[in-house]
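Next come two complexes, and both contain subunit A; in the first it sits with subunit B, in the second with subunit C.
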Partner chain A sequence: MAKLEIRDVTVKHRNVTVIKDARLYAEKGEIIGLIGADGAGKSSLMHAVAGVIRFEGEIAFGGRRFGSPREAEKLKPMIGLMPQGIGLVLYKNLTVSEHLSFFSKIRNLKEDASLDRYRKRLLKMAGLERFTDRPAGKLSGGMMQKLSLICTLIHRPSLLVLDEPTTGVDPLSRRELWKILEEIRESEGTITLMSTAYMQEAAKMDRVYLFDSGTIIASGTAEELTETVKEYVYDPVPCKSERCLSTSHYTYSLDPLEALHKKPTLEALFFINALKRGVEIPQIEVSERESEEPIAQVVMEAKGLTKRFGDFVADDHIDMELKSGEILGLLGANGAGKTTFIKMLLGLYPIDEGELTLLGKPIRSAKDRQGLKARIGYVSQHFSLYKDMTVRENLLYFASMHRIDAAKASSRIERYAKELGFESYMDSLPTELPLGINQRFSVAAALLHEPVVLFLDEPTSGVDAIARSQFWQMLKLLKQKWGIAILITTHYMSEAEYCDRVVLLKEGKKVADDSVENLYRKHPGARSFEEIFLHYYEDGR
Partner chain B sequence: MNPGVIKAYILKEFKELVRSRLILIVYILPTMIIILFGYGIRMEVTDARTLIIDNDNSRISRDLSARFDHSKYFDTRVTSGMSEQKALKRIKQARVDILIIIPNGFEKRLLHGEKTEIGVFIDGAFPVRATTMQNYVKGVIYNAAQSLMRKKPENLITINSRNLFNQAMRDEDAIVPGLIGLILLVAPAILSALLIVKEKEEGTIFNFYSSPIKKSEFIVAKLVPPLILHSLNIFILFLWATWLFEVPFRGSFLLYWGAAQIYILISLGVGLLVSIITRTQIVAIVLTIIITIIPGFLYSGMLMPISSMSGESKIEAHIYPVMYFNHIIYDTFLIGQGLDSPKNQLYLAILVFYALFLILLGSWLMKKEIA
Partner chain C sequence: MIGTFFALVAKELIGFFRSWGLVAIVLYSFTLDIYITGAGIEMQAKNIAVGYVDETGGGMSRKILSRLHMPEFQKPVMFTSQEALSQSIYNREIMVGLIFESDFEKSLKKYGRSSIDLLLDSIAATQSFQALQYLQNILLDYADIGIPVELKIHKLFNPNATTSQFMAMAEMLSVITLLGVILTAAVFVREKENGTWDIMLLMPIDPKLIILAKSFSQVLIIMGGVVIATGIVLFGIFDVPINGSISAFFLLSFFYAFTSAGIGLFVAAVSKSMLQVAQISILIMMPLIFLSGAWTPIHAMHPLLQELSLISPLRYYIEGSESIFFRGTDVADLWSYFAGVIILGSVLYFYGFRKIGRLF
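What follows is the complex of A and B.
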């Protein structure tokens, strides 16, 4: 019998079945991946395994079984849960070492030399030894996730349940998180259940379970799974039928095509599954802008832009240029200064040093920005939408903020909804939408006034593969049809390849600024952009 | 229950309370309420702006005006010859609260034993205030009439009234003890609800859900910090009442303290129940305020004695624990019967029952799982 067995588990949330008859097993030391779109039921199954939600069916672990949170109580000393959300289980005002001591105490661990040694080892693994006195609220996202993980590991659980621990985390921190997991499974034989939005990560796992709208539709190793869809995956060619779908790097088709087959990645599973189920994947369209605006060649020019928080230099003399009709990717680890930089551009933070020219106008005070606001669009990390208003109401509200007259606004909103594929969600609340829809509708809100430049701060974190590919489709079309300039930050290194140019920040300094092709040329050994990224980060460490 | 686990949680709560500066609210809010309401609620009227138009200008009319002038309740200005129209306009402009017109020939008619009239106009925009002012004016005039008629034999009965317990009829004495009951119901409930709902809203509640901590341990850990912090407020509020508002204290301090501690437990129980049905801090605060302040105020006996209520309001007053505590509190401040009174004994027992009932109900309803 396997060490962990999930037998026909069904979870209902407010009378809606979120996961039905899930079966899963894991052996000692295995890392099991859970992949699937947002809302496919991964989190609920993980909550059931951790014994924090009511469910039907049975879960057996180490020879003991439970069928409810109450019965799971006796197993909780052996289970560690890290729920979804950056730093979710951390107390913002408590320091790193206070967290470790709090988690040891609530787990009722004996304070002795061995616990102390273990805590030191965890701190070292997470690279947090130097930050023991820093409050959790002041850590970067990657550090928060590492701290959450070691807090979850403090009682040496033999079953580790991690819900998207790497979402919104930069490649470097992600690699360090993985190192901790590998070490723990070697030394403790821990079983790890882990959901992830990064397919490269899933490929490294012992077995992967694919979730789709509340059921597990496939499982196996990454090779086994990609083998099943091999025959449907081609080099990119234009599609003719509804049983076919093209992205910028692949074409997926259920009917045979006269094109070369291409080796699929796990992402292909999502596309093929969507095609098989006949899910309508709305084709993204963008029509020409309604207003004709002369666009400056260089929309943003920063010279030596600097931002300090006390002694800490968040951005250190950064030069950057953004031209119209260009997608510029701003990359860097958590806390490298990406968000701070965008906030300086927007005037949300005052600039401490340096010169900024926006749309040909030097920015010296808030007054200089007045006229420019109508020509800039911005989508923040957390999508600043009003949760109590429907999509339509949100959009109408944003339109009236930009003083677009009502008739024009509503026709424009209808058009965006149709083109960007969220028409059927117009009367839903943002909280009821899948993340991917939320993301496109947030961009629509930022596009209502037809800006000439768009700033996007991590718009794709946690969004599933299909929605992400549609999102980039949309950006590409915007660039072509509108000649818009886009500055975007992301943690998906594979997305860097969609950018015309990337700027890499490290500890507040610019370390690279070049086109993706040139960067590949400079690093001939690199197989993926992630390796190039890590290369820059390892230098001088 | 494991004391180590509870201690760790409580320590964490205190650290967070101090670092998030929420602790300031714990001590500022009660003091703020007692000071704002203590000074703000005024039933009596002083320095009512009074305009007397003395068209008689005789000895008796001057004597009458002087009586108004010497009273702290009126801020009097005497004039003569102003037209009634003009004077009424002053009331309309809210420059005058009371207008008194003494007619020409007032003294002459009185001395002849003829009937005479004094015109009194009162700004009735605030009915309670107007009634009070009206009574004051009547009182002064009757008083003057009485001393004028002293020699006459038909004036045999004089009223000699005396108010017990609050001899001076001071507003502070009537309101401040009730405010203590209101504050000790509202403030601990808000804090205890916040401490739990904050973890729900931010997601740290998963640390409780996913670890072997018992429900009872969690509840104790969450209720002890507000209990300790607000226990200090029992003394702080007592000082404000007796020192700042000079309310007499005639009963047993031990009874005041003990009843207040039990009352805080009731409040914590309310907070616990609120935290079960709410998910965000803002909703928790608003809900707690609604279900504590309104009954805490209406059924406190501050504005209206419970004994004069009838029907539904009387039943409601008896359902909320406010009335029982306030009975004891007014007793300790103004009367001082203490536990000799069987009613106080009964009410204290009812309070203990409420505290146990609410906290046990909350513990039973709370679930250690995602709702």
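What follows is the complex of A and C.
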């Protein structure tokens, strides 16, 4: 029998099934990956395993079974849970060493030489031994996650449950987090269950489980899994049937095509699964803009833009240029200064230093911006629109804010709904929408006044593979048909592929700014963007 | 311009009516809360529990006890010993205890004077001291004081001298203040919490229009509440008289609602979350309500506080409303209350407007 076995576990939240009949097993020392979009049921399953929520079914660990949080109580000393969110388990006023002794105390560990040795070893693994006196609030995102991890390891759990420990963390810290996990499993034989938003991490796992809207659709090693869909994946070609789907880099088809096969990634499994289940995937369309707008060649020009919060420099003398008809990706880990930069461009934060020209107009005061607002579109993080109004009401409200007359507004809204595939959700509240629909509807709200430049702040985080590819499809069409300039931030390094040009930020500084082709040319050995960016992070050290 | 204004107002009203929790709180505050305050806070002696120990064997003591009756007093309960009576008062079963000692009647007959021991639970101070006053009056009836003067009392404006009408009205005015502040602050802070604040800032709309429309929408909601509360609770349940002009009252309320909305704008400017709104509102509201004379008559306050009460807009609103409902003051003579509310209101609204305007 396996060390950890999850048998037919179902979790419900207020009568809504979030994960159904999940089965999973793990042997001593294995690292198991849970992969899928937000809301696919990963977190719920992990919480059930950690014994913190109620569930149906049975979980067995080390020969003991439990079916409820109460029965799991006696196993708790063997389990370590790290919830989702950077630095969530930390107390920002406590120092690194205070954290370790606090977590030792609440775990009721005996203070002896061996504990001391173990703590020193953890600190060393996390590369935090020089920062023991620093309060957690002053650590970088990557360091916070490493500290959270070693705090979770302090009682030597034999089962480690990590909910997206690497999301939003810079590539270098992510590699170090992995090193800690590898070392711990070697020396302690710990089983690790971890969810991740990065498909590339799956390759390092002993087995991955793919989650799609509440069910596990496949499991195995990354290689085994991609092998199963190899025959359906081609180079991008136009699709003719319902049983086929094209994205900008791949074509997936259940029927054989006259095209070259392409090596699939794990994402292919989600597409093939959707095709097999006959899920209708709306084809994204964009028609020409209704108004003729002369667009300046250079839409945005920033020179030495700087933003400080007290002693902390969020953005340090950043130069950037955005041209019309260009998708510019602003990449970086959480806390690198991406959102701050966008907010400075939009005037949501005052600029401390530097010069900014928007649409050919130098920006010196809020008054300079007032006239430009009608030509700028913005989608904020988490697609925040009004939760108590339906999709239609939201869109009508935004149209009236932009003084678009009612008849024109409603015809435009109908058209966007059809083209971007959220027609059937017009009378739902934003909270009832799937994340991917919400994302496109938010962009529609930002496009109602036909802007010439679009700023998007982390529009893709947590969105499933299919919705994400539709989203990029939409941006590409907007660029082609509207000649719009798009600035988009993301912490998924792999999304750089979809951009014309990328700017990489690291701790408030610009470390790279080049076109995608040039970056590949400069780093001939690199297999992915992830690796290219790792170079820039390492160089900076 | 007008179209945008109404689109903004409509959006806030839709938002309000869709959040049923908020609607429920507003409805509760304007109906049940006012009713409970009016009916529940009783300053007059009513239904007081009386106990007694009678060691005299009847006679005079009976006569006195028979005067204690409904609605002021419950039927007196007999105790066999002083200890039992004290214990009962300690347990809060009895509020007033009378002890007629064995020589009470003898002494009365022999010397023409005597004494009764009276135990009072003075935790409920007002009630027990009013009970004391009743008892003194009863005893006075039996005594021959030798001054043949009788008081002839004329109660003006509130002939039954019931406090419930005034309490209910004062509570309604406090509710208007509190909700005016919290609702207005909420429409701004909810945007901060939901992350729509940035989107709002980026609309090509004059920020002044946004602030005005948002606060106006909440004034409308408050006015709706005022109509419900006046119609159903004040007139319907408490039979509050209306001796003056009701439209003058609604106009005064409208100005006052803008005053509290102004405070709400200030609260919104300094709060990041709804929790902070609640905390800061209470902090600002309490002195405002205490200084207004809603709970303590202004002439009974410390002289310094009396001066301070001049800057509480609620004071003018309460005195104005009181004049309209009870005194039946002529509209032309209400100008001082209108002036007080409008002047203080403009200052507060303008200040709040400037304060939140700086965030745009």
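Definition applied: the second predicted complex is superposed on the first by the 467 of 541 C-alpha atoms of A that agree within 3 Å, B and C clash if a C-alpha of one lies under 4 Å from a C-alpha of the other, contacts with A are read in each partner's own complex, and residues count from 1 in each chain.
Everything below uses one rule, namely that a contact is a pair of C-beta atoms (placed from the backbone, for glycine too) under 8 Å apart; a residue touches a chain by one contact, two chains touch by 3 or more.
Just so we're clear, the structure is a prediction, and the values are computed from it rather than from any experiment.
Judged by the touch definition given at the top, the superposed model places A:Lys343 against subunit C, while subunit B stays out of reach. Applying the stated contact rule after C-alpha superposition, one finds that A:Arg403 touches subunit C and leaves subunit B untouched. When both complexes are overlaid on chain A, the residue A:Arg54 reaches subunit B alone and has no touch with subunit C. When both complexes are overlaid on chain A, the residue A:Lys12 reaches neither subunit B nor subunit C.
When both complexes are overlaid on chain A, the residue A:Ser380 reaches subunit C alone and has no touch with subunit B.
Contact with neither subunit B nor subunit C is seen for A:Lys20 once the two complexes are overlaid on the shared chain. By the document's definition of touching, neither partner reaches A:Arg134: not subunit B, not subunit C.
Counting contacts as defined above, no subunit A residue meets subunit B in one complex and subunit C in the other. Against subunit C, in their complex, subunit A makes its touches with residues 343, 346-348, 370-371, 373-374, 376, 378, 380-382, 384-389, 393, 397-398, 400-403, 449.
Taken together, the subunit B residues at the contact with subunit A in this complex read 2, 4-5, 7-9, 12, 15-16, 19-20, 202-204, 206-207, 209-213, 368-370.
Within the complex formed with subunit A, the residues of subunit C that make contact are 3-4, 7-8, 11, 14-15, 18-19, 194-196, 198-199, 201-205. Considering their complex, residues 47, 50-54, 69, 73, 76-77, 79-81, 83, 85, 88-94, 98, 101-103, 105-108, 135 of subunit A touch subunit B.
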